[in-house]
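Once you scroll down, you'll see the structures, which are given as structure tokens.
Look at the two complexes coming up: chain A is in both, with chain B in one and chain C in the other.
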Partner chain A sequence: MSDFAVGLISNIGMITFVALSAYLLLVSGSISFGQQAYFGLGAYAAGIATTLWDWPLALGLAFGALTGALGGGLVGALTRRLHGLYFAIATLAFAEMTRLALDLWRYQRPIGGELVGPDGPNGFAGIRRAFTDGWEPLSFMILIWVLLAGTMLVLILFERSRSGAALRGAGEDPVLARALGTDVARLRVNTAAAAGAIAGLGGGLYAHLNTYIEPRLFDVMLGVHALAYGIIGGLGTAFGPLIGVLIDIGILESSRLFQGWRMVVFGGLVALLLIWRPRGLLDEATVRRLRRLFTTPARHA
Partner chain B sequence: MLEVRGLAKHFGGVRAVDGIDFAIRPGEIFGLIGPNGSGKSTTVNLVCGLYEPTAGQILFEGQDIARVPTHKRLALGLARTFQNIRLFANLTVWENLWMAENAPAHQAGTSFLKRWVGGRSDARERITRALEFSGLAHRADDLAGSLAFGEQRRLELARALAAKPKLLLLDEPAAGMNAGEIAQLDERIRALQGQGYTILLIEHHMELVMAVTDRVCVLNFGRKIAEGTPAEVQADPAVREAYLGTA
Partner chain C sequence: MKRWIAAICLCLLAMPAWAQAPRHKVELACTPAKTALVYQCLVHVADPAGKPVEGADVTLSADMPSMPMAHNVKPVTARPVADKPGSYEAMLELEMPGEWLVKLQFRAPQRDLVTRKLDFQKDKVTPVRTQ
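Up next, the complex of A and B:
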């Protein structure tokens, strides 16, 4: 496989983590412009753990996901009673705070004769754990996709559970969900923490593949894209965000079909879909129809 | 079963409910009627916890639940339908019922995994029964948003039943129904009473109220103006005045 293809497929996988993170919140009825912050926190946390503390890669990635979960859960707890525009603005504010704080933060240690660690706006270079441990770009690509497949499997199983139905229901009508016995505030905090963990895991992978990260990688454009992927691909299933990423990075960016016009085409696509299919290509009704094609009918009867 | 004492809800200067008392006995169908804006819906919203009362007590099986959070009231045994149909349009009929079904207290302590794996067969049976009672079994896998109006109303009722409530609050179930559908509803409400449910019926459709209720409480401007059997209430001059202007 060519280096270009390996890089592209890895990239699609990593970005899908942020897209899934934003998607999970969209399903629960919350529009977050801040999921890039947990991707960034995960990247920094995982990088610090493996590079400065010499943790194994697996633990570092877990630590990245945990940091994302803590960040997401904390912001989720603070914003659990906010809705719509207020929630969106609050998440954006927290994400920008995180990015600006990373711009100011220095935590370096001499390793092998040179200073390593986050260096404010100069970023954090030398996150080489994956490659010193013998990972190749190709095997790392497979690792990304195995973890992504695992995450998506958990999400899909969750969505078919009673709590998954409650999450979707609370997103549609929180008052009704409360009247039907769902503790909506608690559900929202848990969802925010889970979404933070997913983004954090993707961030850890990103840091180790690129070996270099800096705060401005995690600005609001990443969060806006993450939201758009779910809206393009569809909110009916966790495959939706993946399809959104495939369309954007897999087709629009990689093919150079539109060159400088890519963002114009992408923006137009989002606008058209919002009018034509407000819940994306794979919306709930489509998912239902597809599922019926593949399973025997009358499962409950 | 349910007793309301001095219940009041003020929105700013508006006294939507202004100190009402009534008590519902186990097994009866209790009607709550009154002209538009008399406080019926506010009373239901207070009982099921969507509003917090300004004053007064709501005793359910002897326990004051006025400040119990909304999401815990279903598990206590209070389920309702809504005046304007409220369903999760993007969930299937089955999932709509499943959400309400899980609340009963005997499941509250079990872990997520256990509920998901083990709780299913038990849940499945109860949901299937609620679907059959409402004539919706063939639509279980369709999205609720794709149902016809009458089916949506029946789904609302099925959802309330799936929670196995002790007290069922029906908020204007006949709204928008034709005569044939109302006759069906009449039968369903009686059937529910036969199954042991206690029912609080809020309704505009007087024929239905007079036909099915055991006792009726009449509200006007947030206050109780009469209470008694349908016949007694119909004969009450204060009630006639509230509905017709002057007696």
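Up next, the complex of A and C:
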């Protein structure tokens, strides 16, 4: 496999983590412009754990996911009574606050004669754990996709469970869900924590693949794209965000079809989809139709 | 069983980072080529004593920090420059001007991954920070 293909497939995998994180909140009826913050928190936490504290890669990635979950849970708890625009603004404000805090934060230690660690706007270079452990770009790409497949499997199983149905119900009509006995506020906090964990895991992978991160990586642009991928792909299934990423990065970007106009085309595509299919290509109705198509009807005597 | 798991976890936590040979010194300088958005990049590799390193296998790729993972630049392998020991050149084609993180992946004579942030403009390229 060429270096270009390995890089492209790795990027598709990593950005899908942020898209899945935004998707989970969309399903719960919340629009978040701040999932990039948890991606960033996960990246910094995992990088610090493996580089400064010498933790193994697996523990570092788990720590990144946990940090993302704590961030998501905290914001979820603080904003549990907010809806619509107010929730969106609150998440954006937290994300910007996190980015600016990372811009000011310095925590460095000498390693191999060099100062290593977060250095404010200069970023955090030398996150070399995956590299020194012998991970090649190809094997790391496989790791990304194994973890992504695992995450998607958990999400798909969750969506088919009673809790998953309750989450969709709360997203569509919170008043009705509350009347049916669902603790909507608690459900939203848990969902925000889970979404934070997913983004944090992606961030940890990103930090170790690139060996360098900086606060600017986690600005609102990443959050807007993550949201757009969920909307393009559809809110009917966890495959939706992956389809959104495949359309943008896999087709528009990698083919260089529109050259410098790609972002304009991408914006237009989002606008068109919001008019034509407000809940994306694979919306709930389409997923139901597809399920009926692939499920053999039971024969009655 | 629990004791064994705890012992393994403690060993993993206490495991030191992989011992590595001293890293080579790497310098990167890029200049705009005649074609728009194409840049000629010169990589100079020296051992810790400052002696030029020959026979290096290095590939250059780039990512844009303002939009991570969204731009996929085709990686290029640098070729040795004649009469300049330790120097390698590659033509890097970017998608737009701006700050890019250039990744230099070394496969020989020692495995290494070096990153450099450069500001690529139409008429000049300036380093943003040396890592």
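In the analysis below, the second predicted complex is superposed on the first by the 297 of 301 C-alpha atoms of A that agree within 3 Å, B and C clash if a C-alpha of one lies under 4 Å from a C-alpha of the other, contacts with A are read in each partner's own complex, and residues count from 1 in each chain.
Convention: a contact is a pair of C-beta atoms (placed from the backbone, for glycine too) under 8 Å apart; a residue touches a chain by one contact, two chains touch by 3 or more.
Note that this is a predicted model, so its numbers are computed, not measured.
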{"item": "When chain B and chain C are modelled together on chain A, clash or fit", "value": "fit"}
{"item": "Partner chain in contact with A:T237 - chain B first, chain C second, else both or neither", "value": "neither"}
{"item": "Partner chain in contact with A:V175 - chain B first, chain C second, else both or neither", "value": "first"}
{"item": "First, second, both or neither for A:T151, with chain B first and chain C second", "value": "neither"}
{"item": "Chain A-centred angle between chain C and chain B, computed on Cα centres after superposition, in steps of 10 °", "value": "180"}
{"item": "Chain B versus chain C as contact partner of A:V184, first or second or both or neither", "value": "first"}
{"item": "Broader residue contact with chain A after superposition on the shared chain, chain B or chain C", "value": "C"}
{"item": "Which superposed partner A:R292 touches (first chain B, second chain C, both, neither)", "value": "first"}
{"item": "Touched partner set for A:T98, first chain B, second chain C, both or neither", "value": "neither"}
{"item": "First, second, both or neither for A:Q35, with chain B first and chain C second", "value": "neither"}
{"item": "First, second, both or neither for A:A166, with chain B first and chain C second", "value": "first"}
{"item": "Where chain B and chain C come nearest after superposition, their Cα distance in Å", "value": "24"}
{"item": "Touching residues on chain A, where the partner in the complex is chain C", "value": "3-4, 7-8, 11, 14-15, 54-56, 59, 111-112, 122-123, 125-126, 128-129, 131-134, 137, 206, 210-212, 214, 216-217, 219, 221-222, 225, 248-249, 253-254, 260"}
{"item": "Touch list for chain A against partner chain B, complex", "value": "161-163, 165-166, 168-169, 172-173, 175-184, 236, 279, 284-285, 288, 292, 297-301"}
{"item": "Chain A-touching residues of chain C, taken from the complex the two chains share", "value": "12-18, 20, 23, 59, 61, 63, 65-72, 74-75, 95-96, 101, 103, 105, 111-113, 115, 117, 129, 131"}
{"item": "Chain B to chain A touching residues, read off their complex", "value": "48-50, 69-75, 80, 82, 86-92, 94-96, 98-100, 102-103, 112, 115-116, 119, 123-124, 127-128, 137-138, 140-143, 145-146, 159, 163"}
